[in-house]
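Heads up, there are several structures right after this.
The following pair of complexes shares a single chain, subunit A, combined with subunit B in the former and subunit C in the latter.
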Partner chain A sequence: MTQRASIPMALALIITTLGFATLIFVQEAKSPPLIYGAYYAGTMILLYLGVRIWLPHADTLLLAIVTLLTGVGLVMIYRLTYEVPGVENLATTQAVWILVGSGALTLTVLLFRDYQKLFAYKYLLALAAVVLVAMTFTPLGYEVNGARLWLNLGPVNLQPSEFARIALVIFFAGYLADTRDLWAATSRSFMGVQLPALKYFGPVALVWAASLGLLVFEKDLGSSLLFFAVPLLMLYAATGRIAYIILGTLLFAVGSYATYLLFPHVQLRVSAWLDPWSDPDDAGFQITQSIFNIADGGLTGTGLGEGFSQTIPEVQTDFIFSTIASELGLLGATALILAFLIFVYRGMKIALLAEDDGSKLLAFGLTAMFALQTLVIVGGVTKAIPLTGITLPFVSYGGSSVVGNFIITGLLLVVSENAGKQPVEEDKEAGEYATEKVTA
Partner chain B sequence: MNAHLRRTFYFFVAGFVSLVGVLAYWQVYAQESLATDPSNSLQSQRVQSVPRGLILAGDGETELARSEEQDGGTYERVYPEGPLYAGITGYWSTRYGASGIEIGENNNLSGNGEPETLDELLNQVSGGPQAGNDVELTLDPELQRAAYDGLAASSTGRGAAVALNPQNGEVLSLVSYPSYDPNNIDENFSDLIEDPDNPLYNRATQGLYPPGSTFKVITAAAALKEGVEPSDTFRDNGTYETPGYTVYNYQAKSYGEVTFEEAISKSINTIFARVAYEYVGNQTLAQTAYDFGYGDTYEGFPIPVAQSSLGDIPPEEWVKGNIAQISFGQGPVTSTVFEMAQVSGAIANDGNLMDPRLVREVRSPDGVILDQPTSSVRQNVLDEETANTLTDMMESVVEDEETTARIPGVKVAAKTGTAENPAGDPHSWFISFAPADDPEIAVAVMVENGNEGYKQALPIARRMMETYLKSQGELPNESTTAQPPAQPAQPPSESTVPTTQPAQPQNADPFAPFRAPNQSPGRNPTQPPSQPSNQPPGQPPNQTPGQPPVQRPGS
Partner chain C sequence: MLDLQVPLLAAKALLLLLLFAFIYAVVRRGIGDLRSLPEDETFVPGEGRKSDVQRDGATPYADSLNGSSKLVVEDSDILAPSTPFHVSGDTTNIGRSSSSDIVLKNDDYVSGSHAMLTRHGGLLYVEDSGSTNGTYVNDRKTVGATPLRSGDRLRVGSTTFRYSE
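Right after this comes the complex of A and B.
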């Protein structure tokens, strides 16, 4: 799995630098705190070099993609918050979060080099995940925009679901790897679907239901969707039974309809998705403004800093992709989507090349989480699917999200290191192909 | 397990490709319909985020419109001169569109045009803000003020005045009164639309009025071309008969034996009807009017001009009654004040009608001259000799009859008009140019329902000529005090002139500024809309057979 990525790394940093240079020119901005830019570039370079030393067989192209995405995110956050009262420091805060995320990645790489140990603690991790999410219902938790997603832990505010989901993927990977063979030994069937013995199915269903239930009551629709879909995909990957997907989709349909009936905020989201144009000043405001701005970009975009997407509520977090599509156009937005797809491709490659079931499922689960999150939020802001408030990985402003995604990257890196110790011919070709794609 | 993983990966790839498809739908396929969606304010935000260029008067100093930065980085359009220049600058609104120079020169003012300097090119390439270019007009501020004040003081307070430099076609002033304040147009627009005096309606370029006896200069030009001499004598016994229609002179006067020159100075309708019918003929009269600019939309002029017209009946179908009425500017003839200024200017400029110009120069924000239109002859209407003969005849109007139009030390050529119309008192017209031997200014003034030409329009035109000639050094400044008052000698006790009239013109079209010139309403706003366009031969227009003739047009 050895993959060097010095040139992609350099390109990612050059793109970021050019982005800032353009903004300073266009917005006639005072120089942004250059020292933060230097911290950022230095952090990413050190991170790359460190991983190359500690994990010589790892797929460092992932880091180049992370550099590109965080860099574009920084440029966009700076562009959207420059001299905007109240949020003028978000770009420097985000730079600090990237620093923290890099630290978390380094720790992950150093501590969990032998990530198989993690599977031994899978039940503990599952419990920790459920407890983390449940903590938002204690006095420590608080609501933002009607959703109770946040924990106030003294100096820092934390979105626990961003970390709980990593723990859950580890749990499912470990558990499904252990019991994979037993799932086939079924005794009963339900609606033509062969169900495994409750003994094996039970823990999965329990953890799944608990975390999902908590998130639904937190009104965190985006995370609920991910928590539902990722274990389902992992179950399919482990067993190869398409019936699980079908059954899951049915469950999803029933569950969605139930939440639609139960929660007014879900009804509001759905009606704003179906017909935002009927109420463009209120319920449909966010999505219509997003569409207007995306359309305004056209093929080549308005140019950095020349769009009007600042007026979209939550633009620097959930709707940052609207700004990118508006100012960089269809071409720029497609390039960014391709960067996400390359990350997903490399993640899948790691899963394919990993030796054991646990590693495969772990890499796959993390990659699927990343891919689905990107699809759900980009689909949401482009009105392809109903909007659910989640971040665009690495690009959106948000500390928990950035740190969480760095940890995901760290885990993928250690799995790839493990897989890379046995070089495979197919991998080399694939690696070269991917490098070309990035540099092209 | 790898097969399952691959399948899931294909599913993700399909998802990402679909996203690109959705983006392409919004950004390419649906882009235009979304950009024009009524709830989409991005275009107006974009427009407001860039300063538009200045609009300057001809002195290069007087700012007619400028963009002022507001809190939040947007710009607001400010018109320091208020209503004085509104008929030319128009207004700029992100809600109600734009009119006048603001839309006519929008490509220059908005900075959206092709980059013309290296700076502009760099700005466009880098996506930097492109400030609009400055547009300097040809208007003379003093003259504009004189025309505006004159119309404001007129008896009905409704009218228009246009002045040109006949030698190069530059528009020196253009006023429509009542005017409006283009500042804060967004707040006032609905009130302006409902105002019975239609201040948004440009009476100088959009208003179509019967030109009355001012049209006689066109008939006279056609007659001179056909060999009629100013010294030729004609006998007037007070009427001129056509089948079913009798031409009378104004106030039913009878003049006996007169020369053609006297016929124009005394404005004798019967002789013009006879000359037009017996010496000129339909085609020559129509062609002369077309050469002077009738039927022309003045495409290329930055503000839309309505088509002046000889009516819907083609010249080859005119009967005696038609040409008789047309010869003194009544019946189906309608004209803009702008067009009559062109007529005056063409005669003044040795028979050459110049291309009318309102823009003198376009400059980039840093002062680089981007465009400087040159003067050009639009149409050679008359040969020099004919034009000079006609000028002499128009001088006799001032020398022999309209003595109040005299300006000591300067020869003035002119023609009055008192245009009958079905909407009330006659419209007061005056066209003139001065100095007659080397004209520097040509003027047309019209006051709606102002009665005789000499009463309302003449004093305004004289004041405009004086103001301009003084500023050009043609007249000594102290002569102001030596002059008789600008008002006519007649006592202002014309109590028959009502000071308040119903809304005029009836068909005034407040949306005229939004129309392209060729879409402007072709109908004469002072004519009843029910007037049949094609009348049976032998039946004179506007005249019911059997009824005693009531028309006494022309002064």
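Right after this comes the complex of A and C.
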């Protein structure tokens, strides 16, 4: 499991530096306060070294990818906002969020090194997740662009669903690991699908329905999609029964149709996806601008600072991938997607190598969520699927999202640490050779 | 304007080059381990379990065979050939740890708790207990519980057993 990643780390930081250098020297952008650049590079290097020391068996390749993604994100956010009045400090704010995220990752690694104890609090975590999401309906919550998914807690505003989803994955991992056998082998069946007893099915269905229902009424479509799909995928991973996927797909079809009929904003999104050209100045504006920009990029892109993607509303959060495709071209966008793919591959690898069911499901759930989130937003901005507002992990501007994703990385790191050191603890005399073949 | 294009173009090319250098470095480190997977590994989710459930109820015969089944070492780095292990009782654990029923000590490719033999309705099933390198029946990696028939070869780490009833 141990992966040294000094060279990728260095490359990621060089790419970030080159990006800023291009913007400052070639495009004659005003330089951001250099101290933030130093903070950023210093944070990532310290994080990498810290993890290498505290978690010697962990998969530090994840951190190299996080460095690249956050770095490219910073360059793009800076490029999009440095001359725009009102948001010119967004890149430095993002740098601060990355700092906070690194702190959260460090805390995760230090506090939950023995992450198994998290499973003991799984019901509490599920409750916390539902309460967090429900809090947006209290006076503390407020609406942005028609979706009520923000909390105003004095000095900071946060998007509770970004944290609730981590708690939910931990809950499902802990619960399914305990009851896995009961899910896989059962005698009752409904429409050819074998169903477990209500006693075991109940908590999962309850938490699932509660979180999903709240999100749908919040009009947070992107998160609803994740909250729907990730537990299903985890259920499939736990039991190996394709029937759950089929049942889930049916539920999804019915649910999507129902939300389409019930909510006008869903109808708007679908019609903007099917035919953005019927209303290119209003409903279809974001998506048409996004496609224009991606096409403008061509194979190698327009070059940093040369594109026109500032025209897309919300470009620094949901549509940052369009800017990347526009200015770094198909090649740059492909490289970024490959970086995401390798992150997901390492996550799945961690899940495969983890010793017990709980750890496997935790790593799988977190990775599946990460993968799905990337798929949903990249698919959305390229008009492959209807657009749902969600961030591109680590790249998009957004405090809650960045901190949440750092916590996910922290959890993956502790699981990989545990998976990596297992053979040594198992048998001390033979342990040092046991890592030779396929490390356990 | 022209003198500005050249450094921009250079920066653009260098950035793309570096991005792919990063991807190359990460892929080299990250997925090199794919090569060490066995070639014939085919994983069909749920297949093992399904057959497990179906057979479970359908074959309630031959409990009388219980006592005589055994695993005989055919080839091993650590055990003498023809060493017999009698399989009795409902569950038998195979692994490197000394608490196992069949102990494969000092074999680095065997996990502490590697595989489990269970008896269901007269048939002996082998199931991998989440080992690192897998459990093989007739050179196929097991997924879920796999029934053993007389004459089957069971491989755990460097040791190959022949099963006889």
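In this section, the second predicted complex is superposed on the first by the 419 of 440 C-alpha atoms of A that agree within 3 Å, B and C clash if a C-alpha of one lies under 4 Å from a C-alpha of the other, contacts with A are read in each partner's own complex, and residues count from 1 in each chain.
Note that in this section a contact is a pair of C-beta atoms (placed from the backbone, for glycine too) under 8 Å apart; a residue touches a chain by one contact, two chains touch by 3 or more.
The structure presented is a predicted model; accordingly, all values stated were derived computationally and were not measured.
Of the two partner chains, subunit B is the only one that A:382 touches; subunit C does not reach it. When the shared chain is aligned, subunit B comes close enough to touch A:340, but subunit C does not. Of the two partner chains placed around the shared chain by superposition, neither subunit B nor subunit C is touched by A:114.
Of the two partner chains placed around the shared chain by superposition, subunit B and subunit C are both touched by A:303. Contacts of A:282 after superposition on the shared chain: neither subunit B nor subunit C is touched. Touch criterion met: A:61 reaches subunit C, while subunit B stays clear of it. After overlaying the two complexes on the shared chain, residue contacts for A:233 are found with subunit B alone; subunit C is out of touch. When the shared chain is aligned, subunit B comes close enough to touch A:364, but subunit C does not.
22, 25-26, 236, 240, 303-304, 306, 329, 338, 345 are the residues of subunit A that lie in the contact sets of both subunit B and subunit C, per the superposition on chain A.
Partner subunit B is touched in their complex by these residues of subunit A: 22, 25-26, 233, 236-238, 240, 277, 280-281, 288, 291-299, 302-306, 308, 325, 329-330, 333-334, 337-338, 340-341, 344-345, 348, 351-352, 357, 360, 364, 368, 371, 374-375, 378-379, 382-384. Taken together, the subunit C residues at the contact with subunit A in this complex read 4, 7-9, 11-16, 18-23, 25-27, 29-31, 33, 36-37, 45-49, 52-53, 96-97, 106-109, 111-112, 130-133, 144. Chain contact summary for the complex, subunit A toward subunit C: residues 3-5, 7-8, 11-12, 14-15, 18-19, 21-22, 25-27, 61, 64-65, 68, 184-185, 236, 239-242, 300-301, 303-304, 306, 328-329, 331-332, 335-336, 338-339, 342, 345-346, 349, 353, 355-356, 423, 426-427, 429-430, 433-434, 436-440. Residues of subunit B touching subunit A in their complex: 1-6, 8-9, 12-13, 15-16, 18-20, 22-24, 26-28, 30-31, 34-35, 37, 39-40, 42, 45-46, 126-128.
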